[in-house]
Every structure is written in C-alpha cells, then in structure tokens.
C-alpha cells in the first residue's frame, strides 16, 4: 500500500550509557490505524514512544512523520506542533490549574508568546472545550483544581487534553493502568471514539483490554521487534508465549508469595 | 577571663535552646527578648525632650562592618555618659538615639534622614566606611544636619555639614610614606581591598613615590571578604619589595597576615605598614602573627598624654578588661566632646551656630591636643608610626612632633596636583 | 620555576579548603536536596568552638599542653556543629523536604539568627585563635619554596574526611541506609528503615563536617560572626559544578575551581580572577547543566 | 474563563482596590516627609516584588539575581542624575580615580529619556540573553537559582572593581535635581511619590493582565510541569525568557524609582543579600498572588525599618526568625492566610496534594 504511512520508524537504536534499550526497531503506522505495543517489562515500549515524541534522541535510525519529515532532529515542542501527541503513563496534568484551564491551554492554537498574550476565548473554542468536557465526563468539574481529581479522572483529563490538541498521531502509555474496572471500561469507550479520528499507538499491559480492539499488535522484546500481527496471531506465537507468558508466570509466582 | 569564658559557654548553651525554641516557632519572641534587650538599657531614647538634647549614633551593628563599628559606638556612648555625669550640655542631658546602618550604604542614608527629620537630633555621630559617609553626605547637606565622622579616610572632601575627626591623607598616609622611604627602603608594593579608600590612597601614594624617589613594584586589590592570599603572597615574593603598604580592610587583614606568616615571611624579612590595623584588629588577628609589623595612626592605647590614661582606664572599667582602645574609638570619643564643647560655646544646638563656635576649637584629647580647622572642619592631629609589640600594643617609633594641619585636598603638595579635583 | 611549583601547591591548597567547606554541603545539599544557606554559619560555629576549646586549654591546662588543643578542637567542632545540625533538622529542616527553594529561604533566616546570636555572645569584632606551634613553619622543598605545614595539614585533613565519608557512606551499615533513603525514600521506609532517623543523622553529619571546616579555617582566616558568608557561595559552586549527589564530582569541582582560581588570580588580579572563575562556571553549566559528574535518570522531571 | 459577573465578592474586592489606591494617593496629606519618602521606597520595592512574583510565583523560576536587574535600572537613572548634578563636570569619583574625561558609555546617559529607557531595556535585554542560554539548555530549579547567584557575584565584583567607571563600592550618589526640579524639595518628593504610586498601579494592572491571559496560564502550566508543556507543543524556553525579561524590566523600573527616592545606588544593593530579601518579600506576602507580593514587600520593609529602630543591636534576630517561621509554617504567606479564612468553604482543597513546590 503506497497509501501513506503516517509514522515510519526505521532501524531505531537507543543507548543509555552503553546499555541498548532499543536495538534496530522498526515500526510503521498507517493513517487511522490503532496499534498496540506490548511486551514484557524492559522491552523498550516506553522508550519507543519517547523516541517518537522527541524525549529521547536515538543514537541511530530515523523516524519519519507524514512521509517526509525526519523528526529525530526536532525538539519536543516542534514535534508536538507537527501533530504528535503524547500521554504519559503517570497522569501528567497541571495540578494547580482548573480542569477547564488545563484543556484551554492544550487546545490547538497558535502557541507563540504574542498570540497567547492577547488570546481571548472565542465562542467556537468555548464550544469545543465544552463538548470535550462532556466527552471525558468532567463537565461538572470544569472549575475544579485538576490536582483534586481522582486518578481516573486525571487520566481522562489528560486524554481530553490530547484530543483538543488535535494531533494526527496519538501516543498513549498504559492509559488504563491503575484504573478500576468501571474506569477501564469508560476509557475503552473513549479509545474507540478517538481511534475513529486519528492514528493511535497504545502501550498496554492489560491483555483483556487489548483484546477488546480488533487491531494490529506489535510485540517487543529486549529492544527488538518480536512479532507483529493480530491479537490471535500474536497469542499463538511460540516465541511470544515464551517471553511473555514466561514472564507472566514469574509475575504470578511473585504475586502469590507476596 | 575565666568569668568571660563561662559566660560565653553559658550563652552558647542558651543559644542552643534558643535555636530550638525559635525554630520550633513557639514562644520565640519571649525568649529572644531576654537575650537581646540586656545590653541596650541606654538605647531607648525618644521619650519627652524637656531637658534633653537628642543626638544620633549611626554605625553598623549588623553585617560585615559591625566588627569595627561596634567599638566606636561604645566609645561614643561612654563620652555621652561622662558628659551627662558632669552635668550635660547647656544643663541638659544628652540622649543618644541608636540606629543600625547594617553595613549597607542606602540604609545609612535612610537612617540619617530619619534621625534628622523624625528624631530631630542635634547632631549625628556615625559612619565608618567612606561609602557610608558618601551616602550620608547628601542627606546632611540637604537637611542641613551635622555629622561627626570618626575614621581616617582618603581625603578629597570637605563638606560643610561634616566634621572629620579621623585623619585625612596628609595626617597618616603621606607622612608614613615619607618615613618609610627614609627608613625602610624605596621599593613599595601596594596591597588593598577593592574599594574606594585603598584605591584613592594608592593613587596618592603613587604620585608621592614618583616625587620622592620611591619605586612601585606592584599593586594589588582583593575583593572585600577575600580569604586566600597565597597567590598574592607569591606575587609579593616575586616583586621583592622593601615595603608592603597595606590598605586591606578588617577581615582580609586576618587572612593576609596569618598566611604571610605561614609563608615564612616575618616582619624582619619584610616591612609592612597598615593603615587599618589598630589594637582592636590585633586582638582579632592574634599578636603572634602581627608582632613587629607597623601601622600609622594618630593615637595608640599606649600614647602618653595627660588624658589618655583615664580614657583607657574608664573604657576598660566600663566594657571589660580585655577590651582595648584604638584610633577610631578615640576619634569617636573625641567627636562627642568636641561637639559638646562647641554647643556650650555657641549656647545652642543650632547647626550654623555650632559650626561657627567649633572653628579653631581646641580640646585635650587622649591623642593629645586637637584643634578643629575652621576651613575644612578636619582636626589638627599628630601623626604616629607604631610597631606591634608582643603584648598586642604599639610602640611608637616616630611621631610628627606637633599636630599637623589637615589638608584633605593636598593643596600643600606640588606632586598631588593631578589628584586634586579640577574646578 | 619555583613560582609554578608554589602556585600549583597554592591551587591544591585552595582546592582543599574549598573541598572541606563544600563536603558538608555535598551531603546536605547533594544528597538531601536541602539548600542549606546556614551552612556558612555551621562553619562559623565550628570556628567558634575551636576558639572556646583554645580558651579552655589556656585557662585550665598547663602551658605545655596548649599546643594540643587543636587536636581536641577538631572533634569538638564536629560535635557542636553536629548537635546544632541535629537540632536544626529536627525542628525545621524536616518540614522542608521536597521544597528545596523554601529550604533556601528558611535556612537563610536561620543563618541570620545564628550570626546575630554569635554577635551577642562573642561580640562583633573578630576573635583570635592562636594556631599550635607544631603547625608553624613549613616544608622547604626547593630553595625559596616553602610549603606551609598548615596548608599541608588541611590537605591531609580533607583526605581523612573524604576517606571517612567514603567508608561511612559506601561501606557501613548506616551509610547503606542513608543511600537507600536518599535514593528511594518510600521504598526504604517500607523496608523498615527509619527515614526520620536517617534524615536527622545525615543532616547532622553534614553539619558536623562543616564544623570541622570551621575548625580548619581558624588556621587561615578571620573568626567572626560573618565568617560563613565568605564561603557559602563558593561552597555551592563547588557542589553544583561537581554534580549534585556525587562525592567524586565534589572533589573534581573543588580542584577545578581552586586551580583555575589560582591561575587566573596569578595571571590577572584577585577581582578579575574571581570574575573569570565564575564566568567559567556559568559557561560550563550551560554546556553541562548537571555538572561534571551527572546522575542520569529517566523520570520526566 | 467564566463570564465575569459582578458578584458581591468581586465588588468588595474592587472597592478594596479603589480604597487602597485612594489611600496611597492621599498619603502625602497624612504622613511626614520622611515617612512619605520611606513609603515611596517601599512602593518601589513592591514593584520589584510584583515582577519577581511573575517568574517565581507564577512560573516557578526562582531568581536570586534580581538585584542585578534592579541595580542596572538604578544605575541607569543614577548616571543621569550624577551627570545632571555635575552640570557638565566630570563626576567626582572619576576625578579621584584618575579619569580625565567622561567615558563614552556614560555620555548618552546625560539625557533623561535615554536613561529612563535604558533603565528598563538594559535589564530586560540582559535577562533575555541570560534566559536564552539557560532556559534553552533546560537549566532550572535549584541549578538556575544557584546560577543566578554566580551572576550576582560576577556583576558586583565587576562593578566594584571598575571604580573609575562605576564609583566602586561607594556607588553613585550626590545628586541635585531631576529634569530641573531640585530633588531635595518636598514638592518634588511628593510628585515623585505620586509617580511611584501611579507606576505601581500600572505595573499591577499589567501583571494582572499577564496573569489572566492565556500566556499566564501557560506560565502556570510551566510551573506545574515544564516537560508536560513541551509535549503539548509550547516551547517553555521562549515563555521563560519572555517572562524573565519582563520581570527584569519591571525590576529595572523599580530600581530607577528607588534611586530617585533614596539618592544612592551602590553595588551592595545588587548583592546576594538584597536579592534574597526580594524573594523573601514575595514569600512572606504570598507567592502566586500579586497583591500578596506587593503587600509582602511593603510589610517586610516596614517591619525591617521599625525593628531596626526599636532594636538596633538585635533586629536581625527577629527578621531571621520571622523568615523561618513564615517560610516553614506559612508557605503561602500572608495572602495565603487571608485566603484560607475566606475561601475555606468554597473550594475543595485536596489534602494529598499538600503544598506544591513550584519549581521542582
């Protein structure tokens, strides 16, 4: 399909003080695709997202956005301006600001100093903001200090901020970690909604959660690509079972003895 | 001595508990009040002014300059008490109003303004650094106040609102340089702290060396609060001077002399002459380090004059046996007496009248007879060069014989033409 | 030639003094992230403790013993500063963990208080400490080049302090706890380490080392209420330049600043030398914001 | 962001501001010349505090180098006043430092307009340049703070060392008139006081505007999480640079007013101690609230003035204790105290958030 990969990572390698966190990883994301990135701890999933959003510079390799722009040389805010949004694992909202203010500054807009200094809330912006509040279910808490929200609410707020940012590619790092079942369900709905409009990469541990989406899954192990395919294909792969379930078993063991 | 030690140990433990109480935030004001109010009985003035004359005392009681200025306050307070005990001035009691200049020049200006316009003091005794005087000068001139400044300084000033009871350059620096050239050698190394007094003093010394056949082999300034002189001492060694003319200020002197001694250089090897090291500083540096080094002043605790013996005795009686008197302390003490005498003579505390009465006024000061020069409002003073002895006192090596007429602009010296302000 | 040997030694000597002054801070600031502006005043406390020890010897012990007061003064200075540090930590610093900039302001206030207290107790003028005669003189290596014993002594003292700190932090049981708490407070607490106790001890040790520094400084400079203010900024520069949280970094930082300071001062003058050193520090931190020896983390902030 | 309605509370606040402004403007009728002069100085300090609050309280950058900017503004004005006082003659300190003619960089300061413009522009430009390097290199928190201290040392040492050009430790003092009006006359002083009040109000409104704008919200976002802001697409470095420059410009302006009231500027005003004191005004008044910062500056300086008069030999003890107690136990300052009383019921303040540390 020559019809555009929105994001193409080629042969990315990341080194931390000699330790190779990612070794020659490649990833191709199509427009409108929802992709899950899974793998055991330390597989380099989060680092991969870090590379894409500019937080970590790869020691070699290329990341191309929209087919032409190499973003490994760009700064974080430039990458964000291009249209790549990132949600971190721990909810990172601005705790001392109100929920509405959080959304307001995240909104897609001219982000120069001069523009923000004289920006006033246009009615169209206000509408967008309110419908977003509705979507993440925080319409009654618009004037709350964001720091006072519950864990789940913070996650949704952050997702809401991402959406208002209107990125073409959205990178989500474990969006349901630490959520109650109910919250997880709601987050799932949100994710479906989001995936309809843009390309999304999700790093996730929760297999049940991943199974809800019929989409492509990439498995990473020790900084390398292990397997790519549908959930079923992945689950039937021996090597995946070995590294993944092996780990899983360890985890079970440690849990039972804890 | 032992008593004092116990006192200090005791207070140290009080301090410990104080920090505890203070930091805990409970009853802090109560406990601190006791600690700080004790020495300030006489400080609380400012009540009714019936038979009283208020005077301001404005020195640094906190900050880096407190090390020097606190003793001057003591001397001035003592003079006031003595005068009051003898019946006061014009039959009225002198009431001191203390303010803290906090080693900060704008604060000196602010407090001077406060003393004159709020407290309506008759005069102010204050200042130590040239900078503090320069900061106060416009205030006294604007409000027509009267300031008595007790410290030797760099000259080139004669404000109509200031009386200068310390030496100007021709009463300390110029004669000492001449003496050194005649007695110790021609090669001079100038070392000073980086501020106005040393730089101006050295400007003068350089001209004088040119005129009187000396040779300048080096000139260094160190930032205030400089504590390591090893490199400077290396430079001095390389330059191999006959004399190090030292205009460092208080704390730096300690570091310089200690490290000079460590470098194996004693007063026998190298002459140093300091203009800011007096008995008080010797106490803080340690005699063992300073023995044999020279200083130029107008007064030493050992100066033999009729009044000095009683002055030293009274000072020690009042502030403790381990205290010493020194030139600026004496100058502060003298300032109060001169002012009182001028007021008596004028029959009023009015600034103009006091200034008029002060002209050519004479007084038997601990340093000998002093006279106010009507034109410049400086004092006629005797110049003395002394050598530090093993007991921490000075032995006078030379004096000018008679009180030298003050010449702040060095008009009587041809070689100083380039330094004088161009009109 | 001689001059260069001497200047090299002077540089080393200044480095050692800087290091001694900064070592305590390397603990309180480097490990505990408390910007202790009262560090200078703890140094001052050490210096005054030495002064008091000297006076005790002078008043109560025979003259022949006097020279040995300094040997006792070192542990005494450490002890008194240690106690002050302990009190400070328990009454105040413990409210300030995680608020480094607040700790800066609060400890600055503490510094003001301690200075004023010292002024009330010992008087505003400097006091004199007579250095022991066995530290007078120096080691003559080449003709005309004399290495003062006091400077050699301070270098030795720093090495001893460093070694002791190294053993304590990296080899002892207590030190292991200390590192555990500093690296992951919650985890250490879960494992049964009393973080409160470790905090107090760590801060007190840092303070105690400041006391030793104060004791050593009586050999070289003035002893007065504002003694600490001369060293505090330099001490911070050493720690920051070296890299916060690394002992090796602090050593390198001190040597760097000390050496360059001597060089610049020799080539230019004291004021300009100081300016140049600070300009270099600022420029260096632009290039490596985390200092010479940086700790890497992967966390977001 | 909600529509601003004229609620009773808002009305009260407005009335409070109006009353405060009226009181400030009419102060010359009630207080002595000396007190007025003192108050004027405090108001100049309040202006610095406002600027400092912008970068510390709102953006979470603690600068311990604001004395530099304050001082630069002050020196610019002082140079003008000194030249004006000399009436074409060489300033006195140049004479006794051996300088024979006016250095080139002094010459434009003969014009009031240039001096006034430079008093704001120089600090702002310096801050912009410093900010460009430091913020671009992501130096922040404690590192930035300590870096600013290094800058203070550099600046003061240079100022002191170049005595012939700067007046050395003495600084620049001994002025006579400004724009032909004698500085000593009570009328000029009153006029200068009113100018200061007006400047304070203008700066206050300007800061309000900044804080209320979306720009201000981005600043607060930077305080909460600088990296997060980056991933939304803002370049925090630019924002930090701009607000740092604005803050420096405000400090410079305050410095100019300070010189006019106090009649002296010396390197000690640029030192570390005044720089820390400035921060303490903000801390004690209440960081992150503009009124608090301004109030803190006025209150603290008033307290300092009173304490030092009442206990000249021990006042630093009280000041030190006050700093400790406020910083440790009232992290939100005086404004926070008032706020707690007022709004306790209105907002749910979650406990686990604790006290936010703005900078790390």
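Annotations
Residue numbering begins at 1 within each chain, and the chains themselves are lettered A, B, C and D in the order written.
In the analysis below, contacts are C-beta pairs under 8 Å (C-beta built on N, C-alpha and C of every residue); 3 or more make two chains touch, one makes a residue touch a chain.
Predicted model only: the values in this text are computed from it and were never measured.
Listed by label, the chains that touch chain B and also chain C are D. A comparison of the A-D and C-D interfaces places the larger number of contacting C-beta pairs at C-D. Most remote chain with respect to chain B, judged by CA-atom centres, is A. A straight line joining the Cα centres of chain A and chain D is 43 Å long. One simple way to say how far apart two chains are is to compare their mean CA positions; for chain A and chain C this gives 47 Å. Inter-chain centre distance (chain C to chain D, centres taken as mean C-alpha positions): 33 Å. Chain A and chain B have Cα centroids lying 72 Å from one another. Shared contact sites, meaning residues of chain A that touch two or more other chains, fall at 88, 92.
Within chain C, contacts with two or more other chains are made by residues 92, 110, 113, 115-117, 120, 271, 274, 300. Residue positions 22-23, 35-36, 39, 61-62, 194, 221, 223 of chain B each touch two or more of the other chains.
Partner chain D is touched in their complex by these residues of chain C: 33, 35, 37, 92, 95-96, 98-102, 104-106, 108-113, 115-117, 120, 233, 236-237, 240, 244, 271-272, 274-275, 278-279, 281-282, 285-287, 289-290, 300-301. Those residues of chain B lying in contact with chain D across their complex are 22-23, 25, 28-29, 32, 35-37, 39-40, 43, 61-62, 98-100, 102-107, 109-111, 113-114, 117-118, 129-131, 134-135, 137-139, 142, 154, 156, 194-196, 199-200, 203, 221, 223-224, 418-419, 421-422.
The touching residues of chain A, when paired with chain D in their complex, are 53, 55, 75-78, 80-81, 85-86, 88, 92-98, 100-102, 104-106, 111-113, 116-119, 121, 143-145, 147-148, 161, 165. Residues 1-2, 210, 213-215, 217-218, 220-221, 223-225, 227-236, 238-239, 242, 347-350, 353, 356 of chain D are the ones touching chain A in the complex. Chain B makes touch with chain C in their complex at residues 1-2, 5, 8-9, 11-12, 15-16, 18-20, 22-24, 35-36, 39, 61-64, 66-71, 194, 220-223, 225-228, 230-232, 234-235, 237-238, 250-251, 254-255, 258-259, 261-264, 280-281, 283-288.
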